[in-house]
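What follows is a set of structures for review.
Consider the two complexes below, in which chain A is the common component and chain B and chain C are the respective partners.
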Partner chain A sequence: MEPIIQLDGVGFRYELPREGKSDWSLRGIRLTVHRGEHLAVMGPNGSGKSTLAKLLNGLLIPSEGCIVVDGLDTRDGKTLPAVRRKVGMVFQNPDNQIVGTTVKDDVAFGMENAGIPRKEMLERIREVLDRVGLNGLEASSPHHLSGGQKQRLAIAGVLAMRPEVVVFDEATSMLDPAGRKEVLQAMEELHRTGTTVIHITHSVREAFCAERVLILENGKIQWQGSPRELFLQSEEVCRWSLEVPLAVELKNRLRERGLPVRQDIVGTEELVETIWTLLSRN
Partner chain B sequence: MDIVIQKLTHVYMEGTPFEQRALTGVDLRIPSGSFAAIIGATGSGKSTLIQHIAGLLKPSRGWLRIGNIEIGPDTRDSSRLRGKVGVVFQYPEHQLFEETVAKDIAFGPLNLGLSALEANRRVERAMEWVGLPRELASRSPFHLSGGQMRRAAVAGVLAMEPDILVLDEPTAGLDPVGRRQLLDRIAWLRRKRAMTVILVSHSMEEAARYADRLYILHRGRKVMEGLPADLFTMGDRLAKWGLEEPEAVRLVRCLNERLNPPLPESLLTVEDLEEAIVARWEEGKSP
Partner chain C sequence: MSRLANPILGQYVPGTSVLHRLDPRSKLVFVFLFMMAVFLANNVLSYMLLVLVTATAVFLSEIPLPLIFRGLKPVLYLIGLTAFLHLWMTRGGDVLWQWGPVSIHENGIVQAGWTSLRFFILVLMGTMLTLTTSPIELTDGLERLLSPLTRLGVPAHELALMMSIALRFIPTLWEETEKIMKAQRARGADFESGGLYRRAKSYIPVLIPLFISAFRRAEELALAMEARGYRGGEGRTRIRELRYRMADGILLAVLLLLVGCLLWLRN
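For the complex of A and B:
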């Protein structure tokens, strides 16, 4: 597997207005993100997830250590515009990401700044609106879109820059169930077509879609592995202020009450099957 | 203080080309001391509705009454609601403005005329309630993580100890343990102080676990109200309004497709499910 982003000994502290430097918000981060990977990042509030995200596209520069994105060191000011094109970001509040007065203008904004020729721009607009399923809405005002549509518009704006990596920082947390589904589908589609997806989330259901989960706590990487492995260790999950999926919690509770339910169940279907067998046998 | 809303219609920028109708003829009543949840798809009018309850918007038509304060299209002064109704807005960063977290939380209590000493006591207590570490008290609220910011905004409102607490997506961005702790704490405060809580949430699990009454908005109209156990088991109709079943309800439905006799449908939380399954299992063991 080919690496797309490498972090070596990365630490970061913020500059505070009165107190000077903050404590370390991240410390000793060693991490390789692979090309085409779908990585979920989880962890308690204040554990450093958003700080990590902003370091990945050069919005923040490491206080120590270095980050290399597709061969470019983010500490090198000259390469920063290229780094930002390679790593796109989608944030939590859809309203804060909208700049254009029409859907089309909004997607065009980043490309205009990057000096992309008009003909190519129009082609890309058509292509990305198609990919996120907003074609037909080119002339609409973004403010009349639903939350899920606004987030897909934000994704379209990012995709127009042809990024290698897209980082979603809690991009679904403000959406209704339908909107959340739309954005998750768009994310899956990106991953399927080879884009590297990094998804910061508090939702176990969403983390389940990832190939690898990374847990941050207190600015350090505490754990990494597959979602399945993660949800088999319920105690740690709780210590990291996360929750396990409903099926896992129910399984744990039933086992505690003495029902013969297998320990290694993590999915709803397996659990339904087991409970059904148990209850119909006696 | 009961909340009574009659034929409430709200049109933003009425009479301009940008006119936007957000609520149409909403009738509802939230009894004093309820834990009410308002749910509905994006743009269904939830935030508009609660801004009326908070006295921040006036009806275009219709009226609402909170306790003995009535607000209609011609009401001049809704400041009498201040101190009675506390609101946590959907985007907390719009709510924070002071130099430090502690000053921000103290602002409300001081504004209510409390002494600095009492305000201070409330700041400490509210920070503990929302799970904000003490050392963040002197930090600027704009130099916090997303979840810490939201906690600070919630603390500022809890510190005012309002009679009616209105929460617009209070847990978006909180970690799962923080969510649970915050809502448990709010449920506890409500019981202790007979406070009315109005929760707007996109999480069906939260609405199912905490609310005793549910109001569903769809395109600016109230389409349904009732007990969570009744509304959350309506299946397809929920999807029509852009909502979904809580996970526990979905799991029961999967089980009941095969199980005979089925489990009761009204199981809304993992605790309900646990009890029902254990009971059925023990029944089977001792015929």
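For the complex of A and C:
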């Protein structure tokens, strides 16, 4: 697979160290994100997840090591606008990332910055609003939108820039379940159409939709692998204080009781199937 | 509904009238120059001309008269007060009425009448601008009108961006204020009782969280803007388009004609 973002020995600290204290937010990060991949990044509060997100599009510049996005080093100020076009960001708070006074104005904001001609802007606005399902709301003012709609608007603004990668920095954490579902669907659609998706999240359930999960703790990558592998090692999951999905929790308890339940079950349906089989056998 | 019952002075009323469709730049220029032209008038005919132009504007705006005047009410009181003062203070001409040291002179009546009319025309024309132009259009118009001054150091783009972000966040912050007030009420805060001072003081626990959250919002918004490639006004294109139309030309012609007539009529 072709790499799209490469991090090599990346470290970051917000301020210079005070008397002997090391305050690295991230240290020694070596990571390759592949084109078209769906990657989830998890970790407890203060583990450096958001810092990692901000490093990916040059909002923060690594204190050591380097980040190369599609051949462009984020330390190079001249290519930074190009990096930001390639890597779009959707932030946590739906309100605080909408600049425009109407849906249309907001989608246009990034394109205006990039100096895209008006005619093309209008075409792209129609196209991306269609994609996120906000067509017909062009003239609405943002405060009339629901949380999920606001986040979809933010996604539309990012998509209008035709990005290679979209980073979701806890973009679902402030939404109600319905809004969360809308955003996850949009994310899924992006992945299907070949955009690289990096999803920074607290929720194990959401990370489960990804192809690869990365766990950060104390500024270091502690573990990476497929979501399925992750839940095979539920003691590890507990150690990183992540909440385990109900099905996995139940499977573990059943196994503790000595019931013949397979270790590699992670989904609800699989578990239901197994329990049925067990019951009918008795 | 509540807006109809109690409109704020000059609050935008959406519509599709000729005035609404005019380019905000020409409206701004027209109102600015009209306000200066008002001071050229000094006799009955010239004032009648001004009244005619203002009445035409009101008519063309297609905004119901009661709505306009309810918004103007506080200004009408102010006009009444100045007229009253003029009436007593101005001396000259025949004395029409006297009671001890208090007197009304002929000039007082004339002055009170003309000044009130002038004041009224000024305010009415000013509101016609804001009643028919949305704040964001006004911002756009101001930005374009000021942009030639960018070279002289006037930050036209930044000012316009600040205004439009403020407009974007007014409803958001308003919602937040209500939320904080509810939260404080639930903790026993009382916003209704007591004198002016006590009531003002009771708003401090609302304002402080509001300010803190506004600063946090500002920081996050700045970050989001940077992530979306904002680098200032240079090299930006615009989605909002302003275009002069036939009607804007006519407006300009009306303005020139008006100034010409006023210069001719005045003595």
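As a working rule, the second predicted complex is superposed on the first by the 275 of 282 C-alpha atoms of A that agree within 3 Å, B and C clash if a C-alpha of one lies under 4 Å from a C-alpha of the other, contacts with A are read in each partner's own complex, and residues count from 1 in each chain.
What we mean here is this: contacts are C-beta pairs under 8 Å (C-beta built on N, C-alpha and C of every residue); 3 or more make two chains touch, one makes a residue touch a chain.
Owing to the predicted nature of the structure, the values given are computational and were not obtained by experimental measurement.
For the overlay on chain A, clash or fit between chain B and chain C?
With chain A as the common anchor, chain B and chain C collide in the superposed model.
A:117 contacts which: chain B (first), chain C (second), both, neither?
Touch status of A:117: second partner only.
Tell me the contact category for A:193 with respect to chain B and chain C: first, second, both or neither.
neither
May I ask you to decide whether A:177 touches chain B, chain C, both, or neither, giving the answer as first, second, both or neither?
Only chain B is touched by A:177; chain C is not.
Is A:84 in contact with chain B, with chain C, with both, or with neither (first, second, both, neither)?
Once the two structures are laid over each other on A, A:84 reaches chain C alone.
Which chain, chain B or chain C, is in touch with more residues of chain A?
B
Which holds for A:157: it touches chain B only (first), chain C only (second), both, or neither?
Only chain C; A:157 stays clear of chain B.
Using the touch definition from the top, say if A:104 reaches chain B (first), chain C (second), both or neither.
second
Under the stated touch criterion, which partner chain does A:57 make contact with: chain B (first), chain C (second), both, or neither?
In the superposition, A:57 contacts chain C only.
Look at A:93 in the shared chain and tell me whether it touches chain B only, chain C only, both, or neither; answer first, second, both or neither.
After superposition on chain A, A:93 lies in contact with both partners, chain B and chain C.
For A:263, decide between first (touching chain B), second (touching chain C), both and neither.
A:263 contacts neither chain B nor chain C.
What part of chain A is shared between its chain B contacts and its chain C contacts?
93, 95.
Spell out the residues on chain B that touch chain A in their complex, using ranges where they run on.
The contact residues of chain B facing chain A are 40-43, 90-91, 138-140, 143-148, 151, 169, 172-178, 180, 202, 204, 242-244, 247-248, 250-251, 254-255, 258-260, 270-271, 273-274, 277-278, 280-281, 284-285.
Hey, which residues of chain A end up touching chain C in the complex?
So the residues of chain A in touch with chain C come to 54, 57, 59, 81, 84-85, 88-89, 91, 93, 95-101, 104-105, 108-118, 121-122, 125, 141-143, 157-158, 161.
Quick one: which bits of chain A touch chain B in the complex? Just the residue numbers, please.
So the residues of chain A in touch with chain B come to 14, 16-19, 22, 43-46, 49-50, 92-93, 95, 146-148, 170, 173-180, 202, 204, 238, 241-243, 246-247, 249-250, 253-254, 257, 259, 268-269, 271-272, 275-276, 278-282.
Taking the touch rule as given, give the residues of chain C at its contact with chain A in the complex, in rising order.
So the residues of chain C in touch with chain A come to 136, 164-165, 167-168, 171-172, 175, 216-217, 220-221, 223-231, 235-241.
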